[in-house]
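Encoded as structure tokens, the structure appears first; notes follow it.
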Amino acid sequence: MEALFATENTRKLIPEIKDFLQKEIYPLENTESLTGKFSNIAPILDQKRELVKKSGLWGLQFGEKDGGLGLSLCEFGQVSEVLATTPFGHYVFNCQAPDIGNMELIHRYASEQIKSKFLHPLMQGNIRSCFSMTEPEFAGSNPVNLGTTAVKEGDHYVINGHKWFTSSADGASFAVVMAVTNPDAAPHKRASQIIVPTNTEGFKLIRNISIMGESSDHWASHAEVSYENCRVPATNLIGEEGAGFMLAQERLGPGRIHHCMRWIGISERCLDLLCKRAVSREMGDGTFLGEKQMVQFWIAESRAEIDAARLMVLRTADNIDKFGASTVRNQISAIKFFCAKVMLDVIDRAIQVHGALGITDDTPLSFWYRHERGARIYDGADEVHKSSLAKSILKDYGLSGKK
Amino acid sequence: MEALFATENTRKLIPEIKDFLQKEIYPLENTESLTGKFSNIAPILDQKRELVKKSGLWGLQFGEKDGGLGLSLCEFGQVSEVLATTPFGHYVFNCQAPDIGNMELIHRYASEQIKSKFLHPLMQGNIRSCFSMTEPEFAGSNPVNLGTTAVKEGDHYVINGHKWFTSSADGASFAVVMAVTNPDAAPHKRASQIIVPTNTEGFKLIRNISIMGESSDHWASHAEVSYENCRVPATNLIGEEGAGFMLAQERLGPGRIHHCMRWIGISERCLDLLCKRAVSREMGDGTFLGEKQMVQFWIAESRAEIDAARLMVLRTADNIDKFGASTVRNQISAIKFFCAKVMLDVIDRAIQVHGALGITDDTPLSFWYRHERGARIYDGADEVHKSSLAKSILKDYGLSGKK
Amino acid sequence: MEALFATENTRKLIPEIKDFLQKEIYPLENTESLTGKFSNIAPILDQKRELVKKSGLWGLQFGEKDGGLGLSLCEFGQVSEVLATTPFGHYVFNCQAPDIGNMELIHRYASEQIKSKFLHPLMQGNIRSCFSMTEPEFAGSNPVNLGTTAVKEGDHYVINGHKWFTSSADGASFAVVMAVTNPDAAPHKRASQIIVPTNTEGFKLIRNISIMGESSDHWASHAEVSYENCRVPATNLIGEEGAGFMLAQERLGPGRIHHCMRWIGISERCLDLLCKRAVSREMGDGTFLGEKQMVQFWIAESRAEIDAARLMVLRTADNIDKFGASTVRNQISAIKFFCAKVMLDVIDRAIQVHGALGITDDTPLSFWYRHERGARIYDGADEVHKSSLAKSILKDYGLSGKK
Amino acid sequence: MEALFATENTRKLIPEIKDFLQKEIYPLENTESLTGKFSNIAPILDQKRELVKKSGLWGLQFGEKDGGLGLSLCEFGQVSEVLATTPFGHYVFNCQAPDIGNMELIHRYASEQIKSKFLHPLMQGNIRSCFSMTEPEFAGSNPVNLGTTAVKEGDHYVINGHKWFTSSADGASFAVVMAVTNPDAAPHKRASQIIVPTNTEGFKLIRNISIMGESSDHWASHAEVSYENCRVPATNLIGEEGAGFMLAQERLGPGRIHHCMRWIGISERCLDLLCKRAVSREMGDGTFLGEKQMVQFWIAESRAEIDAARLMVLRTADNIDKFGASTVRNQISAIKFFCAKVMLDVIDRAIQVHGALGITDDTPLSFWYRHERGARIYDGADEVHKSSLAKSILKDYGLSGKK
């Protein structure tokens, strides 16, 4: 817990959540739960959700009038870090992506009718949702390029397209789909976000994409999806027509805070595992791994880098709380690539210190090694964020290059 | 192919093997074969083995009198590189670890009786074997520490112990087990290598260890094994009593050449995939990924590093051929950590250039990302080899430190 | 300026100091001043000191009753960053090491008599001082090992020893010397800090050590010094006998904040130079350096890393202000190696972007490249701080190793 | 000495040269010679040149009919490595750049008259020369851009232009100048190389550029030069009009071998110094620096990387000997950036292991740290070579991008 950003809320909540996780969730981590289909562990996790509700910790991200705590982004970031110390934390607290982003968007921009139909069961954890943006044929680094279309026909949109990395689609009740509604508008005004219930005719889950050795299912799925003449009511539109990118940006600002804090939580847990290993592994000559200079350096570097990452992210969250996401675009770009690197380095060091054990699935290290490699790719690859940040800086120096 | 080390043999063999792999094996790479149990693909691979035999490419590693080509280590290294460009290459050519090492050892050090019983069917690819050295309770960096014992009782050894990372144990006909036979000898003279048929009473495969998300089976298994009063004929001893470490060292010298050349083959394939992606992925603005400066740098750095790695390994192999493994211990240490790093860096760059596709199992990149992380750990971790090399150098400068 | 730590003081002071530096000091940076003896530029800098006094910016580090502003460490750190954007900033504002540390120590621990004799002229900038700790024969990583002795004879100490890296000794009026006074005490209680006027008989400046191509002189000297039967009044002792290490520690805590903030100032200036070059260097084809992806990445990474470094240091300074240096020893270790790395990386990138110009002395980049390489060595090498931080962490996990 | 490329010549020469250097040249390395003007040490080095002549080692790079040994490039590379282990080696053996390149070019492409006037005294070491290509106003990465012109007027060329980094101009007898003679030709056919004696009217040495803290002089100078209506006989043209770039390329191929082997020699010496320090620096507790794991890792990594670099360069040299420079353009690009990085890393590690001593001028480490930072910049920056190599590779994959 970083004292600089501690509040009454975090001082109360974080120890409670930590206790809950250590007592109820950490013990669920084992080879089976870390490698099998998510549907195997989901029923147990759903039981844990009931315990969360009972303990009054449900709905951490909701506003006070929605039964939540009205946490600021900076506060919620600190909660999110703790939840991330186990692969199951966010799900159990119903704060998991992409649902949390969908809840937020629908909460802000959808009609009451839509809210009662889609938002409320989502907030209760009774249904799940997915977000359908990325397309295999188009480079993710250029989000303006979209092949999926939504054509207005009377009171409906008719949607056609091909998506992948539609995370959590398997078993979801609805998708929020990004589709071109206004092909003749300026590039950033062409797309809209529309709710498509997954039981709509023409919605087809082609496959749960196998990622890093596992296709998984349920919430842990990443689906390839096709939309063939999917007809949904025009009222399923979120916000305005053509606002798709603006909404995506709005989602991505806090979304990146969530990601980064999650990565910091993972990093902390990996460093904790690394240290535990360092003090317990005897080298056959009476000394311990932790006495090796290289192991010490990895610990020290990890400690410094994680602290740096956390300060960067919480500062950014704090600024979003105070001034809005649009004022800290550069900071958001910076934390995205900075934190992803820190996490992947810490995971790698923790594996190396664990030796052969580190590549087994007897610890969560391998899970994170596999599942978090994507951190440098999704939500804008490192390369996109670095160029974007630099161009913004150089613009102030007068550069107006094209590349 | 590095002209410096090309021979008549390699100039003839390597194009043939490349052709075979591209025609027969590369097409077998798909999500299923790259993620499922090995037993699913094994029957098809066994058919391909018959094609190899027909094409006269079987037994590349054998001496001429055993029906092989009598390749030098340096020549075989170059063959091994090509085989490694697909995850199935070595298996199809019956050059896969640990069988190749077991064949070599038994060939050199076992009696004719043992050879006819275990070696000949191995050379035919009719049976498989495993190598049982690592123990979960003892640090691999200090191989003198072993808990497994083999006590002589009359004409038999009675073996007790607990091993893991006994690679390929699932379905193997026999294990070569490292066990302490002479507990009172000097530390490096305590252990022996003994053949234990897996149907021996007391041999128990506890589990195929789940590694990086997969437990797999068959040749691709890494087993936890227990030996409880396993009784085997004393004639199953390979070499002499107490020679276990010497044999392990002898195995590891060429074994590390094999590993390193395999890693170079993987690196070459990943660079090839990277380049193909670079010239085919359009960025939405008419330019291609390969026009990005960073992608170019990754290609250039990978090209230089792979070339450097190959020269290092083939030089070492050539020296082993000429002067024996004991004269190039330092070079062997150097290539172990140098090549592992090159490979992991190239894999990582290739994934990044593939974007979201790179973390799916639609290419072999994810397979290698997961399965080759161990390269920095097994057969002596980076840290062990670096310290060992440095101490050897500093000894010449007069240092006689303890650590 | 980091909003998180901005105060009324910093909001007022920093723009004023920036203006002063840009108007009065930056123009003094040229090949001659950046490479010649410091005594060449010192007279001009001394004139600038008078301007500082006139502008009311003198004595930034002093308490209010000493005519200063009573800045907190966190505030002064932010000032120090700005001063460091030019190699002459600290000197012109009389905040230069080692004088600032000596002032602080004498202020806290010396008698009024000593203060009036040594402190007041130092605060006026009328004299200079040096700090004499490091010895060539003893590893700096083990400060308990000292060869210099101070033997009490009546009312005097008689000092004998051999020091080097006694920074700023050339022309200094006195040295603060670390010497063993109590050889039989516990290792950390053996040494004391004693003031030795440089005109004391037996004090000999052997040479200004040539560092990175230059021996320089005056404040910019790093001297090798011998003490041969140097006799000084016992009242020249700072604090108590045996308190030398405690005082050194006390000095080093804030001292490291000063160093780190200085490094951040250097980093900011180098990034500024890098960006200016990026937008002005045309590549011969109508594009600018800043359009190159690699240059953009260097800018982005530098921006992120400098921000991270600053947050880390100001947080630490803030904690020292609130809780004292002893509570944040780990944070102090972390910033020392973290910030040194950030600075050296940024300097190196800036040089590379400047091409041939970057290695000339036509910009301050070469000055910093040469003079700041020592950042990873002095005041505790990277290796010392990393091990120290890790051991402190592992102690909480129960490790009590010796190494 | 790499056995793979050892020949009768190298087996004989290299020990002789090593002995000579250790006996005659290493003892000249001291603070003064490593930091002062080159003209201070030059008279002593010129005496050593006489010893070289007496010992029959003069003219190593010449053909047999010119009194040399007719070494292949691969052999000379190995000699060059040894010479580079001290900053004075190449000068003492008259193999120093840029003279060696000028000798080579004039030898191949100039008339007998020019040879007797300029080449023969150069080969005797009686005069020195310089090479005048780089211009401050034009990006070095685009060598086609040149501002300097040579206009034919009757039997003369009249040259006007502004150059810098004209290495060794101070005291040189003549410059080889790159100037545009055919402004209307295709970009790569516009420039020519012309000999301009430095006593020609209009040739002006503006300054010895201060580089990394030193302007030096004599052979160690890097001059800014202006040509104002310099009139030289048209027969001073080297090769044909418009052949300037072709000649520059021809010079750069072997020139890069020379550079790379020089860097490897420097690396070897730094590693040697590092190891000597590691075994001699006691840490105050009875252990030595060389027992620290990190120091061991630096030694091991340096050993591996230097070996890799040497194999890469000698392979390339060997290929140039066998097939010509044009066939190995990719290999030449690769060694340029690969070896520069290896050297700079090794220098940096050696400095760190030396601690405070490492940044003084009491060892040659600081000299190389300062003077070899340019290795990543001159003769084509890292960035240029990496892109060039990658584009050549991607061309084979079908990419025809513009960038």
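Structure notes:
Each chain gets a letter, A, B, C and D, in the order it is written, and its residues are counted from 1.
Following the convention adopted for this analysis, contacts are C-beta pairs under 8 Å (C-beta built on N, C-alpha and C of every residue); 3 or more make two chains touch, one makes a residue touch a chain.
This is a predicted model, so every value here is computed, not measured.
The set of chains in contact with chain A as well as chain D comprises B, C. Across the assembly, the mean Cα position most removed from that of chain A is the one of D.
Inter-chain spacing, taken between the CA centroids of chain C and chain D, is 38 Å.
Rounded to a whole number, the gap between the C-alpha centres of chain B and chain D is 43 angstrom. In chain D, the residues that reach two or more other chains under the touch definition are 292-294, 297, 383, 403.
Contact residues on chain B toward chain C in their complex (touch as defined above): 292-294, 297. Interface residues of chain A, counted against chain B in their complex, comprise 31, 35, 134, 136, 138-142, 144-145, 164-165, 209-215, 281-285, 292, 294, 351-352, 355-362, 366-367, 369-370, 373-374, 376-378, 381-383. Residues 2-4, 275-276, 278-279, 287-288, 290-291, 293, 295-297, 299-301, 303-305, 307-309, 311-312, 315, 318-319, 330-331, 333-335, 337-338, 383, 385-387, 389-391, 393-394, 397-399, 401-403 of chain C are the ones that touch chain A when the two sit in their complex.
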